[in-house]
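We just call them A, B and C in the order they show up, numbering each chain from 1.
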Amino acid sequence: MNVLTVEKLSKAFGGVQAVGGVSFAVAPGERVALIGPNGAGKTTLFNCINGQLRPDDGRIEMSGRDVTGQAPHRIWRHGVGRTFQITATFASMTVAENIQVALASADGAAKGLGRRLSARYRAEAEVLIELVGLAARTEDPAAELPYGDLKRLELAVAMTNEPSLLLMDEPTAGMAADARGGMMDLVDVMVAERGVAVLFTEHDMDVVFGHADRVIVLDRGQIIAEGSPDEIRGDATVRAVYLGTFDEATV
Amino acid sequence: MLRMRIRTHITAAIAALLTLTSASIATAQDPIRIGEVNSYTGPLASFTVPYRNGWELAVEQINAKGGVLGRKLEVISRDDGAKPADAVKFAEELVRREKVDLIAGTFLSHIGLAVADFAARNKVLFVAAEPLSDAIVWAKGNDYTFRLRPSTYMQAAMLAEEAAKLPAKRWATVAPNYEYGQSAVKAFQDVLKGLRPDVEFVGQQWPALFKLDAGATVQALAQAKPDAIFNVTFSTDLAKLVREGQLRGLFKDRQVVSLLTGEPEYLDPLKGEAPEGWIVTGYPWQGIEDAAHKAFLDAYSKRFNDYPRAGSIVGYNTILTIAAMLEKAGSTDTGAMVAAMKNLELDTPFGPITYRALDHQSTMGAYVGRTAKVDGKGVMVDFRYANGADYLPDDATVRKLRPAK
Amino acid sequence: MSFIVVQAITGLASAASLFLIAVGLSIVFGVTRVVNFAHGSLYMLGAYLAFSFTAAFGDTFFGYLAAILLAAVVVGGLGAVMETSLLRRIYRAPELFQLLATFGVVLVVQDLTRMIWGADDLFAPRMPGLDGAINIFGHAVPEYDLFLIATAFVVLGGLWLLFRHTRFGVLVRAATEDREMVAALGIDQRWLFTGAFILGAALAGLGGALQIPRQAASLSMDLNIIVDAFVVVVVGGMGSIMGAFVAAVLISELLAFGVVIFPQITLVLIFAVMAVTLVLKPSGLFGRPEFTTQEDRRNPDPPLRAGDGLSRIFWWGLLVAGVAAPLVIGDFAIIVLTEIAILALFAASLHFLLWGGGLITFGHAAYFGLGAYGSGLAVFHLSLGMAPALLLAPLAGAAGALLFGWFCVRLSGIYMAMLTLAFAQIAWSAAFQWGGFTGGDNGILGVWPSDWASDPFVFYYLAFAVCAAVIWGLRHTVFSPFGYTLRATRDSALRSAAIGVDVTRHRWLAFTLAGAAAGVAGGFFAFAKGSVFPEVLFVSTSVDGLVMVLLGGVQSLAGPILGAIALTEIETELTRLTDLWQLCLGILIILLVVVLPHGLAGLSAFMRRRQP
């Protein structure tokens, strides 16, 4: 069963059709990149899937369950982890606490008034911290982390509910070019070790072609091409849409 | 008491180290300490500062003559900032830390009630000087509280008596929407209806205190087409009402009966726009000819280089009351003082007054007259002194109003 | 019919007054994002100055007009002083600090005005040439009302021209719409802010000056107008001039006809309008949603540290002191100590929301007051004893927080602060005017402790034990998963939702929990004072709570307790010493915000920084 199925999804803003009847699916363990020029509807589509926006029409299923129009915190309960274009972490907490809070929520204990959080989920948190390579910074405040480490922390937080799907909005945005590969290698580790599927948007074509199993190209709210990185690279329509930028990236 | 027991042990231990020198036994030289609480800061200062002058004058005069029972009077005064919780706190402080013999004061009714309740609880005598609320001596009256100033009911009854003489049949009322306004309107209606069963009340306006929307309220009053109006608003609300009402012709060919408006505190700020011909209660200090009042007026003017307000008389009479009570009681024992307060008779600049044993209300009255303009300023004319004793309900009714504890 | 027309005109005249005061507040907020509590004080100063100027040269129409305009100009100048000396230092401070600093200015101006002009109401003459009335449909309408309406339209038009056709105006609009953009354009924001503030202050002064032909200048003008002005600005949308205009008309007309139809509930009406507006359109009629409420990275709190040596010593020391002190201090000191214990809990419950959840409430008095009324009414109506009445206190506080919180937690930042204030004022109005049930302003008396606890010594230990236990509970909650999750929603609502936290519901629960804790404090307060009055629900009680939290230090769990001790002692002693205690307290608050933003708890860090 697919971890994500999107059927005929539409969303308009005041007469402008941002997403017009888009359908696609993501299989377990699959890495799918969603690309397109600015204004193509990527962000709208993404926000419909993650619950930030309610679609006008269409249907979203996660692992066979209809989740259309559900709020973000409920989407998460269906096994979806998220990262953001600009990282969103808890600045006043340490690296460990960031993950412990998420683990508490995953455990359904977010409203617990009992034992202190610092004494709970410690071992699980350390495993995730180790996995993303932040062991040396376990007790540091998130506010003091360099941006790249923050991205790793966010990935660890997104993994706390053992998701079957990671939604990553521009996972390498704001990172130095040489650090981007490392970040995506980490994502690949998650896919390999934890069997998670990844749907991500990305501007850097090296990242897209190096780390996606399948690429979906969006333009003016419609899917104009879909296929393996190699197929997309050779697609004339895509070339037309992307003009020079795309050529540059493929050189 | 538990506290005393624990304390005894500790004191014993400390006593071994310290020599106890002070014992708080009053000697003839120690002054009699009067605790006083009122709202001396903020917008209320224009009412309470003349009141403070009044009691200061009385204290000075009495002490100059050697005090009472051979002891001087000392007033320890606190500002409650118009907050009842703070008034209670300072009452506690005065009683427990300053060891005052009795407490006095308060202006706002609810603060008076809070302190009265405190006094009953702590078995301390409280002479409520200024608060007007009927509840202080009636519904919530208690054994330890006595009130000086003529109450809302008494002053409303004085006006209702005058109102009954008017031909007006259709009455409208305007009063601030809180206890004082509500009970004033009720008392006025009850007494007037008793005297004149043919009157009807055709309109009521209840602006929020100090938030009178003058134009709209005046318009709404006019809309009711009354023959006469009973007003309870005061201070800034009154000023707005008067100005707007005059402009809009609300008072033209209508009688207005207005509570407290003749007191200098409320009449003087209106200056040249003071209404003419309103029937009011108040304090016409310029025109009272009694020798006792003359003496007070001269002393006050000399001491403060200012004329007295209604509050000044109340403050002055408060201390006169306490002095007379102490003479009668012969001691500062609370039981003796409370007993002395009952049926206490004394002379004041307003003439003789009595504290009724029945409900602890003094019979101090007020002047009832009409407003007029003299030299561009509002004054009271054609006034008479309305003795408070004549404007209280009969004893049986009072007994019903004041539940026995 | 003619009555309706005339009443509508009357309403418009009130609207004109309200618009003039509100529009200045709105402009200042739009540009500087500071909610200026002292705007009402500037309005009051405008009235007092105009009173003095008209006395000097207001005998003719033009002299009077000049007096009004001069008052506005002088107040504008005072605004410049206030902006450059105070506000400029606190633009980067959290909203609450700004609100408090300007509240300090209110206290200072209040006492200074009393020193200069005295406490008596000052009634200026009417405006020469406009002192009569004209006949409209058989009703007399004051000429000055029409002048006021015309003035409002002139000001509205003038502002429109200013904002469309001058560089300053365009920049003000740009700053209102997107602050970062103006900064990015490399414009010196300082003169823009100062200019906007002068304009706002002058408009407040003008509004006040224009009032003197209608009402006396009095010391209660400042607080009387400011809450109404807040309501207008919030209903119209913060920063929107047109919004201020429409809201002023809406509210004034509602009141003008409200007094005819429901003369008794006018106080509630105005806040009800605000609550409904904020629920339906959270950013006001013409406002745009704040999109910068995302996490603020400039100054994140350090992570929580539980029980290191020093803090352990502090907490145990406090406990020992609380237990031992009554054995050695005097009777009255015990009563003050009882009050401190109660207010410390009140402050701690506020701190829990502010710091633990980033929930800015300016109406925490509501839950404290509901607790007090819960107990008081139980004694009064049900004749319950102290123990069951005290049990009702947290229930009453929680019930109020549950109801009000449902609306409040949907908003954020300054809008939330204003809505919490509105609800607290509604509760206050209800208590004040609903005499039959609540005892009205005469309050509920006889709420004294049961015999076994009537000794102040015993009552202190009872209050101390319960308050200390609840404070400890709140402290523990901060460290529990619930508290961390709440902290998470404060740090990043986006991330919290993305890890499955229902942010709104979590905040709502926290709000209710804090309401219950404040209710406990309120219940004890009622029994400590023996009575309950509407004042416990009033905005000044909320401000006291905030001052305690900020005085103690908002970033420390010990802060509210230190603050309660300090403020209670300061107020108790200051009011004994001087009539000018408001002035002293105001200066203290201002200094606190400017010099010691981390409060007493941050004092040690402050001293360390100072050392070379």
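Throughout what follows, contacts are C-beta pairs under 8 Å (C-beta built on N, C-alpha and C of every residue); 3 or more make two chains touch, one makes a residue touch a chain.
Being a predicted model, the structure only gives us computed values, none of them experimental.
Enquirer: Across the interfaces A-C and B-C, which one involves more C-beta pairs in contact?
Expert: Ranking A-C and B-C by C-beta contacts puts B-C first.
Enquirer: With centres defined from CA atoms, tell me which chain sits nearest the overall protein centre.
Expert: Central chain: C.
Enquirer: With centres defined as the mean C-alpha position, give me the chain A-chain B separation in Å.
Expert: Here chain A and chain B have centroids separated by 74 Å.
Enquirer: I'd like to verify one number: the distance from the centre of chain A to the centre of chain C, where each centre is the average of its C-alpha atoms, in whole angstrom.
Expert: 43
Enquirer: Approximately how many whole Å separate the CA-defined centres of chain B and chain C?
Expert: That pair's centroid distance is 32 Å.
Enquirer: With touch defined as at the start, can you tell me which chain A residues reach chain C in the complex?
Expert: Against chain C, chain A makes touches at 50-51, 71-74, 76-77, 81-82, 84, 88-94, 97, 100-102, 104-106, 109-118, 120, 141, 143, 154, 157-158, 160-161.
Enquirer: Enumerate the contact residues on chain B facing chain C in the complex.
Expert: It is residues 1-3, 6-7, 10, 40-46, 49, 78-81, 83-86, 88-90, 92-93, 96-97, 109-110, 113-114, 116-118, 121, 133, 135, 140, 177-180, 182, 204-208, 210-211, 213-217, 219-220, 222-223, 235-236, 239-240, 243-244, 247-249, 268-273 of chain B that touch chain C.
Enquirer: For chain C, which residues count as touching chain B in their complex?
Expert: 3, 6-7, 10-11, 13-14, 110-111, 114, 118-123, 125-126, 131-133, 139-142, 144-145, 213-216, 218-220, 224, 255-257, 259-260, 263-264, 266-267, 326-328, 330-333, 335-336, 339, 429, 432-433, 435, 440-443, 445-446, 448, 455-458, 525, 529-531, 533, 535-536, 540, 571-572, 575-576, 579, 581-582
Enquirer: Across the complex, what residues on chain C touch chain A?
Expert: 295, 297, 300-304, 306, 476-477, 479-485, 487-488, 490-492, 494-503, 506, 509
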